[in-house]
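Going in written order, the chains are labelled A, B and C, and every chain counts its residues from 1.
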Amino acid sequence: MNEFWIILTASIVAINAALLGCFLLLRKMSMVGDAISHAVLPGIVVAYYLSGDKTSILLLIGATLTGVLTSYLITFLSKKARIQGDASIGITYTLLFAVGMIMISTWLKGNVDIDMECVLYGDVALINLDKIIIDGNLYIGPRAFYVEIIAFAIIIVSLLWGYKGFKILSFNEDYAQSLGIRTGRWHYFLMTLVSLTTVVAFEVVGAILVVGFLIVPPATAQLLTNRLPFMLIVAALVGIVSAIGGYYLAVWLNVSITAAMIVVSGLIFSLAFIYVRFRERLGNKSVTEHLPI
Amino acid sequence: MQTFIDFISFKDPNVLYVVLGMFFINGSSAMIGTFAFLRKRALIGDAIAHALLPGICLGFMFSGDKNILYLFLGAFATGWISTYLVDYIVNQSKIKQDAAIGIVLSVFFALGIVLLTYIQNAGYSNHGGLNLFLFGQAAAIGKSELWIFAVIFITILLLIILFYKGFTTVAFNADFAKAIGLPVKTIEFLLTSLTVLSIASGIQALGVVLMSALIVTPAAAARFWTNKLPKMLGIAVLFSVFSGFIGAFVSYSESGTPTGPWVVMILSLITLLSFIFSTKRGILARYLQARNNKLKIRHENILKAIYQYHERIGRQVRLDQKLSATDILGIRIFDTSELQKGLRRLIRNDYIRKTEDRYQLTEIGAKESKRIVRLHRLWEQYLLKRTTIDTYHVHSGAEAIEHILSPEIEAELKRELGIEGIPEEDF
Amino acid sequence: MNNCAIEVHNLTTTYGGAPVLWDIDFELPAGQIIGIIGPNGSGKTTLLKTIMGLLEPSSGYVKIFDQDLEKMRERIAYVPQRESVDWDFPATVEDVVMMGRYRKANLFRRSNRTDLAVVAESIEKVGLTPFKKRQIAQLSGGQQQRVFIARALAQKADVYLMDEPFVGVDAATENAILSLLEEMKAQGKTVLIIHHDLQTVSDYFDYLVLLNTRLIAKGTPQEVLTKENLSNAYGGQLTLLAKVANLIKENEFPIREKDMDL
């Protein structure tokens, strides 16, 4: 039963990250996602320190805001301080991560809920410690599962509702603006969703490995598909397969479950990469012969 | 204070190791990071840092103990492979660089965690301390590590001096370097190797996440202070080494807090201060410059108005009238308090003298007012000659510009208009 | 000017402190094909972007049919440079052209039958109907350019701003665009096109704007294409202008005095 809940919860984490990661990837902002996932750390620590509770809604909001702030800070550094884009990302997230580390080492010394290793790679196996039990004895799954389901619902509704907006923002921001669409608001909407995903995924997979789910499945899907709806679906599927495969790989080798999941997604990416290269080599001959231009 | 004295007297030999270690690590990474920064490859350092972890674990598994040399070789190998893979993915598919970095970074790191947990659970003895590489622990720097860091530091320094020309050309413009026949591939290989080397030397002290700050941040901070590469290298190294020293001290006095995060905090603080106070590109300097411009424009407008007053009554040759503030306001609208402030400053600078509420140009004031009006008219002429501009716009277009035209530009304007050498009074 | 489609008044746009467009002032006649010409880096794209409200001018204003841009969004369509987007984006020709039907107000609705019909018609007009299901990366450069033009056509606007539509396209595309322009002119549309090939300007355009940071000349091709104007724009005569622009940037100087009172 534990196994079932772990795989299910991790799969939903993977789906959430993969769906949003597609838009980050298409906007060439994958590394901003990376930065956000590191930078929510101080937000989580402060909120945890104030509320003393890992499950509070305050924690969720505080940490999500830190993530949005990060994306704002990156934009500020590159626009106002005129620091080149990639350097702004590097400066911002290392600083915020360092702040988080100092906070943990001073305020939360010896705390069992948040320690540095769970920050980095989480521990999905522990989600079963925090169970939701109703009617005294009916076990209906770990709390983390329900948190993820709620995040999933928010993301799905946002993406269905704002599909056109996110699509045009990703393909051609200038053009969207020329139609009168407020691209700035869409940008921060996306950043908020990414930040939320990172925060809720934090305790399940840790800050760094959620980056894997944000980037690797969407990249795999980009290699394999030609249309956005398919890309989203394939990315989600790659996420799910990674979660399942990673779980069994981890059990077999007795290693970290979440890390194994990302390793599996890396394997799937490599296979897709090789497949596409192979197909292109074969395809090149026939394409040049038949394509009517 | 006592803590500081204890600290710098190196009573504890470990403090000396940490301080020297941070010196070598920060120096190496700041130097090589400056090149990475200029090549717009700042985030590659991030991928490399994460990718060292599986190499370290493999080195450990291979050697069976924490022999620093094996760990180092393993780290170097996977670090190198990671940069190669990033380039390979970008060149061979439609995946763009930032995503490629993200893929390599997360998958290699995950692989590192898998290996690390494997080592922990598979009964390797003596594996304690391997997880230090995750977050880093400067206190763990020992004598043998110190030697390696020193060798790396000196190697990087010597190679930069030796190949300075090649490195700079490639960093600024690889295409140009190729065109003039430099061995770009070899130079890039060397730069990449040195980057991996410097990151590998710092990983134990800073950890995988924070190590990339030592690559990016010093260069970004130094960039605020200079446009010249040798200076930029020097400043980056200075900032980084200073942060290393202070970071080590803070961590020493607040015992229990790790060194790495403090180093990064101080480094970021320096960047912030540079952003505010830098004399070249800082916001404060930009703000002061804008303020000075504003004052300059105000003063010159007052002088111009006084000139125009004389022109109106046909006495622009002598410029000797005594005007009231109202007379000036009759020529050009000023905010009254700004006009008063401006006049006071002009009096202090001897452009104007004041006798009983009347203002009169001094000799230098008269000369200055002529100069301003002359520049205004030169620019008008230039625009009329070279561009299309409706006559009613000419004036407003020239209005802002006369305040910035330098003597060299004035000479050029005259040359273009073919009025070189004509006495100023004649136009 | 009676029947003026676009009025640009005293427009100055800066980039990193240096003026890229400087005191530009013109009115463009409606119902004509208008060319914007000038050397590289002369601010042509910046002009289009400023007209479209994508860049904030530091002074001056733009009016479309004597109205503010925000009121006229529905009547003005923009064709960005082909290189400005990543053609690996997972979308088909139809998907991209459909973006021409997006509005602030209908983003949350599904596309309706009218939208689909307009999209099909626009694709047909640029001759891409056989390719409508193809992914955009699998098109030639000329075909990609036609996708962008079809997307603008789908907006059903009155004024079209096109950034270098003739760059890197094959002869078939060039002819397709030219006949399309004829058709649009016959319908009374105004088309503003950035162009770089001086050989073809007199054939393509009714009216010209010659730029080099400042407005060098405007009017019919005969009026604009004089030796003097061309040498002013292209002959390196404006080095002085560039020097002054650079001084302004280096000194954080306000380009217009009123900017000071912020």
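Convention: a contact is a pair of C-beta atoms (placed from the backbone, for glycine too) under 8 Å apart; a residue touches a chain by one contact, two chains touch by 3 or more.
Keep in mind that what you see is a predicted model, and the values were worked out from it rather than measured.
Asks: Which chain has its Cα centroid closest to the overall Cα centroid?
Replies: The chain sitting closest to the overall C-alpha centre is B.
Asks: Taking each chain's centre as the mean of its Cα atoms, which chain lies farthest from subunit A?
Replies: Computed centres place C farthest from subunit A.
Asks: Go ahead and name the chain pair joined by the largest number of contacting C-beta pairs.
Replies: By contact count, the leading interface is A-B.
Asks: I'd like the Å distance between the centres of subunit B and subunit C, where a centre is the mean of that chain's Cα atoms.
Replies: Result: the chain centres lie 35 Å from each other.
Asks: Which integer distance in Å separates the CA centroid of subunit A from that of subunit C?
Replies: 38
Asks: Could you state the distance in Å from the CA-based centre of subunit A to that of subunit B?
Replies: Each chain reduced to its C-alpha mean, subunit A and subunit B end up 31 Å apart.
Asks: Could you pull out the residues of subunit A that touch at least 2 other chains?
Replies: Those would be 28, 82, 222.
Asks: Among the residues of subunit C, which ones contact at least 2 other chains?
Replies: 86, 88, 137
Asks: Counting only residues that touch at least 2 other chains, which ones in subunit B make the list?
Replies: Answer for subunit B, listing residues that touch two or more other chains: 94, 96.
Asks: In their shared complex, at which residues does subunit A touch subunit C?
Replies: Residues 26, 28, 82, 161-162, 164-165, 167-168, 170-172, 174-182, 222, 225-228, 230-231, 292-293.
Asks: What part of subunit B is in contact with subunit A in the complex they form?
Replies: So the residues of subunit B touching subunit A come out as 37, 40-43, 45-46, 50, 89, 92-96, 98-103, 105-107, 109-118, 121-122, 131, 134-135, 209-210, 212-213, 215-217, 219-220, 223, 254, 256-258, 260-262, 264-265, 268, 271, 275, 281, 283.
Asks: Could you please specify the touching residues of subunit B with respect to subunit C in the complex?
Replies: Residue positions touching the partner: 94, 96, 286, 289-290, 293-294, 297, 382-383, 386-390, 393, 396-397, 399-401, 403-406, 409, 412-413, 416.
Asks: Please output the residues of subunit C touching subunit B within their complex, sorted ascending.
Replies: Touch residues, subunit C against subunit B: 10, 22-23, 25, 86, 88, 137, 214-218, 232, 237-238, 240-241, 243-244, 247-248, 251-257, 260.
Asks: Inside the complex, what are the residues of subunit A that reach subunit B?
Replies: Of all residues in subunit A, those touching subunit B are 25, 28-31, 33-34, 38, 80-84, 86-87, 89-91, 94-95, 97-99, 101-102, 105-106, 109, 116-117, 120-121, 208-209, 211-212, 214-216, 218-219, 222-223, 250, 253-256, 258-263, 265-266, 269, 273, 276-277.
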